[in-house]
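Note that chain A is present in both complexes that follow, paired respectively with chain B and with chain C.
Moving on, here comes the complex of A and B:
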């Protein structure tokens, strides 16, 4: 008999069809949809995050896993009232102005969602006013910023200053190839080296 | 000669000094006050900037252009241009369709920016190609495939491996075409720059990309040039499979531990290049940090099969003096080791009396250098400032202080000099790393007479 925990392996394997088939079976069997998310889909994605951090999985495999998980989420989410959706907090995230690199940022988004955060993704080339507006609208706990270029990373400072000027009480999580823990600290932000690290840091910041 | 040093090192022969290759891509423009976009699109400005790189950084080898978007632009990707970075790819013409481009799309020598690049390569070859190994940099086939296909390419690797093989096969043909153009234009080394390799599992690389890379590197060698494989990011676990693609050299950035990586490249008798940290050391460090980094690195690594270079394309506005210090540490390691020791030993007790700048009899120009006898940028600074003596004779006084002795180091510290070489007039900083033109020098010194 199919167990919820078995869903995790389908996520790890990036088996989208396997997830669709088995989530549907579990729902037919009247399984709690929130348990499907927490004990099946998200727990599988947590393993993916660990494997990614340890160098046992790479970007292609992680993207496949996220795709499979999202296919399961798409079936389960409509069955759950919004207020019952598990959430660890809200994060507004974007690749900052002038920068179009989004592979890393997208991985972070997937991992954060998988961990149970509500993520508002501003995409690439995200400007100060977009960050500020999104933080206000969604009452965000964290602003996440990504940059791949040494020149665009300096824009993070402007975003932080604008949020502070608006009196927004948020924490800042940053990442990307040119950043370092020391530079991030100067900005008043916390650095995450990879997508998995971003999840750990976000959990610590919202704890 | 620097060129021989590079060629011999990439042929794995024994050499008596470690070669140095600054990856001055858009940073070359910074040296002459040109934007990134200007040096990547205007041949004259690029050439002028490269001559400045050659003059100030005395490279053994140097790239002519560092822009991984040249091929993608020709294949239909739209670019977002920046003034202080290479452009980024905005659109992917093959996103949403599993189509391999027609071979008719392989760039011709007349396409896009290739004519400008080839022309500059020929001019640089004529100007400095006798003593400097020239690098032609090409977008690697995996990164090129992702440029034209978009991020779906990553999932293609898992879902459609046969398509990926075909697409990367096409991209290798693009690489080979570009290699031909650049080798004919005089490039000694062709580097396939493929940053995305660090994001793909060694297993997938072996199954899908090892053979195409081998084909590309064999092609470069068949044309009489040497080959290198540049990667960015943490490619620690990919090092072994990268070696098995058979390049003559591999270049890594600071995300890889070069001491551990060299054990692997040595096992395959491949030359390794790297890996001065781009931001923490080159961009945000000072001269001491850069000198220390190089001395430590050279103390802890076998010099055979080694090229010292930045981890990747240098950030646009790397302080010039940091690179000058880096060159000095690579080429005058023992002197620099002494400088660092002296710097650390010097305290404020060494009696240094600064001149009474308010009451000088005549303008005093003080030049602070690492050592004008061995550091090219310092030599040019001293020569440039001495033109004031030619112009004004004994109406001005000129002094040089070198970082090779403790008393001068103490003076440099007491003056609060941040960058070497620098020139001060009557105690006021006038030129830091940037060497003034004769006209500018005369104008500025004239104000003190």
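Moving on, here comes the complex of A and C:
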């Protein structure tokens, strides 16, 4: 008898076909789709996040795991009403204006989604207006900003000021090579050193 | 292989601390050691907040020029910072970098008219790093044409095709090799450079990936690199690769490097 918890191993193995087959079997057996997400897909991804943090799994394997998880999500999502979708919170994220680097930011997006956050990705070169509009539209809990250049990281200040001027109550999560915990604190933001750190910080901020 | 020494960069934590404490001895030591290890250019990058970048870069330039004659590679994402400190270099070196982003070419190329300064050209533009060969070649052509207007010949340009991480792009090495070959085919005298260590992002034993990638890149025609000249394994791979490709006649450089203790186990000689 197939159990929901068995899905986790398929996620960890990055076995996309295995996930598709077994999620379909579980649905035929009238399993609760929300349980499939929480107890199967996300719990597998949590193990992946831990292993990644501890240096036991690496970026390509994490990407495979995320792909497998998303394949499962695509099957169960249509079965769940929007308001019932489990979510840890909503994060609007982007690489700030003038900056075109997105490898790290994309990894953070993937890890946050895999951890159970709803992520609104503004992509690269994201401007103040885009952040403000997206926070309002999606009622975001957190604004995530990435910068790889000393010339662009200062733009984060403008985003934070604009959100404050609009009276938006959000937390700020920042990262990227030129940033430091001290600089981030000065901005009024929390610094995350890498993708798994971003997940831990986002969880703490929405707890 | 033209080696651009990367060890004086404010994004390295120990260097950042040295910059904050204005620890000239620490910076000078890195300049001297990179020179001794065969660096052709010494990269200086402040990586500070923008308001301190010019004064920090000037300080780095002064400290490095005090202890070595190796030309500088002046490195900033902001072309106006490079423009501001350009006059403090006491001999021609390299500017790092132009690209088709913003007005970088318009600010930096005029500085290179009528002298022998060289420049790194990144194949990216206001849309980011292209994910296809054609766009990277188009950007290369545009930069070469713009440089030509100031009398800058392709042999003074080091094109960096921006190698992607293998962990997120499974064909990154194959694409990089194809880019190197295509750029060299377009402009035979141009240099192709790169920060090869980007390729190993997210993988274990990064040094192993890096040096193996270096061998493939050299075979494809890369002849310039932003690297740590003190990285012994990388240096060994470079010597071995040139010998294996028949570009080191009678393996003389390889053999000499061994006798000089530059390759092989430490203390073997």
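As a convention for this text, the second predicted complex is superposed on the first by the 207 of 207 C-alpha atoms of A that agree within 3 Å, B and C clash if a C-alpha of one lies under 4 Å from a C-alpha of the other, contacts with A are read in each partner's own complex, and residues count from 1 in each chain.
Note that in this section a residue touches a chain if its C-beta (ideal position, glycine included) is under 8 Å from a C-beta of that chain, and two chains touch if they have at least 3 such contacts.
On a predicted model such as this, the values are computed, not experimentally measured, just so you know.
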Contacts of A:58 with chain B and chain C, given as first, second, both or neither: both
First, second, both or neither for A:154, with chain B first and chain C second: second
Which of chain B and chain C A:100 touches, first, second, both or neither: both
Chain A residues touched - chain C or chain B, whichever exceeds: B
Partner chain(s) touched by A:25 [first = chain B, second = chain C, both, neither]: neither
Touched partner set for A:204, first chain B, second chain C, both or neither: neither
Which superposed partner A:182 touches (first chain B, second chain C, both, neither): first
Chain B and chain C footprints on chain A, overlapping residues: 55, 58-60, 63, 100, 102-103, 106, 149-152, 177-178, 183
Parts of chain A lying in touch with chain C, wherever the complex brings them together: 55, 58-60, 63, 100, 102-103, 106-107, 124-125, 149-152, 154, 177-178, 183
Contact set on chain A toward chain B in their complex: 14, 55, 57-61, 63-64, 67, 98-103, 106, 149-152, 177-180, 182-183
Chain C residues touching chain A - in the complex, by the definition given at the top: 11, 46-50, 53, 77-78, 101, 124, 126-129, 164-168, 170, 201-204
Complex contact set, residues of chain B against chain A: 80, 82, 84-85, 88-90, 151, 154-155, 157-159, 199-201, 204, 232-233, 236-237, 278-280, 283-284, 315-316
